[in-house]
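As written, the chains take the letters A, B, C, D and E, and residue 1 is the first residue of each chain.
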Amino acid sequence: DDSKLEQLKAQGFARVAIANEPPYTAVAADGKVSGAAPDVAREIFKRLGVGDIVASISEYGAMIPGLQAGRFDVVTAGLFMKPERCAAVAYSEPVLCDAEAMLVKKGNPKGFKSYEDVAKDTSATIGAPGGGTEEKLALNAGVPRERVIVVPDGQSGLKMVQDGRIDAYSLPVLSINDLMKKANDPNLEVIAPVQGAPVYCDGAAFKKGDEALRDAYDVELAKMKKSGEFAKIIEPYGFSAAAAMSTTRDKLCSAK
Amino acid sequence: MEWDWDFVWQIMPTLIQGVKITILATLLGSVLAAIVGLGIALARRSPNKALSRTVGWSAEFIRGTPLLVQLYFIFYVLPDIGILLPPLVAGVIGLGLHYGTYTAEVYRAGIDNVPRGQWEAAKACNLSARQTWTHIIIPQAIPPMIPALANYFIAMFKETPLLSAITVLELMNQAKSVANTYYRYIEPITLVGAFFLAISLCSVVLLRWLERRYGKIER
Amino acid sequence: MTQWSGYLGLILQGALVTIELTLMGSVLALIMAFLAGMGRLSRFFALRALATAYIEFFRGTSIFVQLFFAYFVLPLIGLELTPLQAGVLALGLNVGAYAAEVVRGAVQSIGREQHEACIALNLGRWQGLRHVILPQAFLVMLPTFGNNAIELLKATSVVSLISLADLTFQAQVVRAQTGNTMVPFATILVIYFVLALLISWGVRSLERRMARGLDGVRV
Amino acid sequence: MSAPIIKVDAISKSFGAFKVLDGLSMQVMPREKLALIGPSGSGKTTILRILMTLERIDGGHIQIEGEQLYHMERNGQLLPADERHLARMRQKIGMVFQLFNLFPHKSVIDNVTLAPMLTKGMPRAAAEKRAMELLDMVGMADKAKAMPAQLSGGQKQRVAIARALALQPKIMLFDEVTSALDPELVEEVLNVLWRLCAETDMTMLLVTHEMGFAHDFADRVLFFDRGKIVEEGKPDEIFRNPKQERTQGFLKKIIAAGHRV
Amino acid sequence: MSAPIIKVDAISKSFGAFKVLDGLSMQVMPREKLALIGPSGSGKTTILRILMTLERIDGGHIQIEGEQLYHMERNGQLLPADERHLARMRQKIGMVFQLFNLFPHKSVIDNVTLAPMLTKGMPRAAAEKRAMELLDMVGMADKAKAMPAQLSGGQKQRVAIARALALQPKIMLFDEVTSALDPELVEEVLNVLWRLCAETDMTMLLVTHEMGFAHDFADRVLFFDRGKIVEEGKPDEIFRNPKQERTQGFLKKIIAAGHRV
């Protein structure tokens, strides 16, 4: 049933949800959206015959409900594949892979290496995006709810570490690196990768029921991976194409 | 999506945590707003032109700009000049300052609404300025203000969800966090709405009562 | 070096969205205000009940809840809105509920004697309302409408929470892209304030125009 | 003898538990000038407001020119009047209020033309022509373009009279039309009433505390007390020679307070 | 002959561009009862308010018992009075307002005791004893515990008079103290004024539109017009035989309006 794809072709664009988080996403001074995730999506949709993508920046927490509510056709925002999510949406094959990192004060004063370390230090607080992977990792590692601070965006997290409001801020490695680069602050340090945290990969997330569109997407994605064009798009942003090609959706979705 | 009662009971304790913070923020914010408002109202009446103008314009500025942006400012920009506030404190200060500019207007109107004849009668009775304020003007000005002040405190209560932007885990933030964990929006958001509606409907009753009790002064 | 001029353009785009939201929201609010305000004064119980339910519901539940409902829950029951439509709908209905009380209060503030003069002159209900009561009441409403419009302007900042690219949202984007907090937030504070000043100036001059002849200058 | 133009038959009226009028009856002949006097709170204003249909009555009947005011006959039954019936009956009656009740957002001439244009569909030109005649009669033609706020109390009241006259009612009700005016301005308005009295054949009911004026102006005086007509008669009888003790006491007080009779 | 208790010397007063008083002079003897009459807007209220220091003057001088009211002498120089000087001078003067201006949040007796207790440090018991005497004099002793909102206009005004008397001023100012009252209630208040006039030796200045009362009550009548004293004299002279055309016109209108002289 290709009706969804036909519909997108007819309207000439696909509505894509992205995050306000470089380098997954970047917004240039002229307002143009780029970044690893949207660039891949744009290319694949072009090959599928959908001329353009219309990207709207969204909170992490709002992406899946927005997809379910039909606000977007697809989410390409570094929304990592995990079993619960796989149940809520239809993922494509892996696109962007990254390990988890933590941003801490210079010298890592509390000696964090893993989320468990944060859990053990009863005075430590950790910041993470609401509804994101890092929040769940921290909670699963036993950090109590009140010590996991929901931080609205990366800059806020950086600022809160600088100001000593939280002891660590956790995001994927590349996101943290990008933050560090912009902040250019010698008093900060990145711990990457966080021990015990798996390497995650995101995929383009479609609404349940749009599997036909997802399958068409997968076909083009596989072609690009093979031809090397995939690597050409994402590697300038720091992502590893090899990592994405070394795993599969099924593996990630069935991981515990 | 279907409404799921089991889910409702499951998330209830988390939401109640949020309710506590919401109420705490409102109470502290109200106290601060009442004090800040009085300060602004008095400063604007001051014969010192520089003081009254500065305070007047600042109040206008605060009243003309969104609380959300002010909260970002207090929380994320002030640390640059060495003022580091915990989230709840920053939130309470934001609410107190913002609503202080509203309560200031209530104070002003309350004082202005005491008829000029009362000032004149006080003078004809040879009362001093202080005696006039404490015995004649304030006792008449306060009661009609009470419903208006209560009204703003209720409005403030409904704006507490903004505090989620500065990481305060109030009700709305808890609801979003729950929703993000389970990918279910209907139940948490509806519960939050029902909670606000319940409190507002109660406060309508309270307001009517306050208005009857204090709203009018019989002459 | 950061390209501030480029990012300023981004913020100005956000200002456009904010203005658009404020204007369209105000129009919707004005329509709802008159419908519900007059509804509350109706002779028919059903109309009164409907208007009261609308007003109490939208004043009672927080604007955040309404916004999230319009954006995330309405589509689940088959009513799909663009973010802009959802924003205008939530803001307009919310502020309209407050303004409805202004309409009702203003109409009631027109003394009973004006209604009686209409009856004594045998004007019909609608004629009296249209030619005598509403023109006078509108003048009473205007200043509060101005305040309502500013409240609406400020409330547009919360639409950033449903990913509508308004001023506040664009400031967030610029912040994420440049790593600078102070500049984007200070800029939008000033823009919001200027917009608020524009609204109050506009309302005041409209008021002056309409009040001409009603002040008691004897000729 | 012709039939009465107003026939009030045992009407009663309460506000909450307080009975203002209790079985009041009275009749007014066409062209009669009636003065209603009596202490504050005795129900004078209330009876005028009832005739203007500004209040509903609790019991009794009122007929205007032989037609029921608050009731209508349908198939031989008397039903409460609906809005259409009231509107038709109101055409016969005009009222001038103590506080003028001009429309503050309309100019003098618009105040006078509004009702004829809206209720009778009179074209603007005709309505304005007629309004100017009336304003001329009350001595306000030169202020036709002024706004009410620019007028003195006496001027406002004269405009209010012109406004009520514009609908050409058969019965005019005046409720203390001078008591909100400064003493110096009272005369202007009384002069207009004199002219009206002399020049038209309207039936006029006038509530007033100006005893001297009531004496000279009225064909008949009704003295109200506690919602009842305590005494009625020719002005000379009532003012020079009141029979009831209550009337005597009232007039004595008024005179002591400095009013001429 | 004794010295005047009030000496007004060429004072002027403007509101914005509008000159209300222009070089007004007058003198009042101790114990004198003065009636101020004149058309609306002529400045009668303004002169009373100036004597009560509710307005400032723009030029001229006022002396009370030989002492400057708006100025004080320091080292032989005349300086504008400060608040302390004004407060001291105000002890000699009391005022009763047209609209009573009772303190609505205080009972009748508290209205009367407030000022003596606060300004003279009188103990409560003594203040209340004195207040009850005064309330008795104005016939309000039985309402001592009532709140102002529960009183009629005439009763309110009598309490206001008692309140002003409680400070035992030498000069009392009355500004149209009856004109906000219903005609029937006017008498109560005028009766109190009569008693005051007979029983105390206060100097009294009274603005009124009650010409009959002014005639009987006053030792001397001042006729104001446009901020000037146009005519003054014994009541009989002014009312029966006014010399100025303006006075004649004013009185004629007032009489035509139904007021007894």
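The working rule: a contact is a pair of C-beta atoms (placed from the backbone, for glycine too) under 8 Å apart; a residue touches a chain by one contact, two chains touch by 3 or more.
The UniProt protein names, listed by chain, are B = Ectoine/hydroxyectoine ABC transporter permease subunit EhuD; C = Ectoine/hydroxyectoine ABC transporter permease subunit EhuC; D, E = Ectoine/hydroxyectoine ABC transporter ATP-binding protein EhuA.
Please read all numbers here as calculations on a predicted model, not as lab measurements.
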item: Both-way neighbours, i.e. chains that touch chain E and touch chain D; value: none
item: Chain D and chain B - chains in contact with each; value: C, E
item: Chain separated most widely from chain D, comparing mean CA positions; value: A
item: Chain pair that, of all pairs, has the most C-beta pairs in contact; value: B-C
item: Distance from chain C to chain B - Cα centre to Cα centre, in angstrom; value: 20
item: Separation of chain A from chain D, taking each centre as the mean of its C-alpha atoms, in whole Å; value: 82
item: Chain A and chain C: spacing of chain centres that average the CA atoms, whole Å; value: 38
item: Chain centre separation in whole Å, for chain E relative to chain C (CA means); value: 52
item: Residues of chain C touching at least two other chains; value: 72-73, 76, 181
item: Numbers and ranges of chain A residues touching at least 2 other chains; value: 65, 68, 155, 159
item: Residue list for chain D, restricted to those that touch at least two other chains; value: none
item: All chain pairs that touch each other; value: A-B, A-C, B-C, B-E, C-D, D-E
item: Complex contacts: residues of chain C adjacent to chain A; value: 3, 5-7, 9-10, 13, 71-73, 75-76, 80, 83, 161-163, 165, 169, 172-173, 175-179, 181
item: Sites on chain C touched by chain D in the complex; value: 113-114, 116-117, 119-125, 127, 131-132, 135-136, 139, 213-219
item: Contact footprint of chain D on chain E as seen in their complex; value: 39-40, 182-184, 186-187, 190, 209-213, 250, 253-260
item: List of chain C residues in touch with chain B within their complex; value: 56-57, 59-66, 68-69, 72-73, 76, 150, 153-158, 160, 168, 171, 181-182, 185-186, 188-189, 192-193, 195-197
item: Chain B partner contacts - residues on chain A that touch it in the complex; value: 60-61, 64-65, 68, 84-85, 88, 127, 130-131, 135-136, 146, 149-152, 155-156, 159-160, 162-165
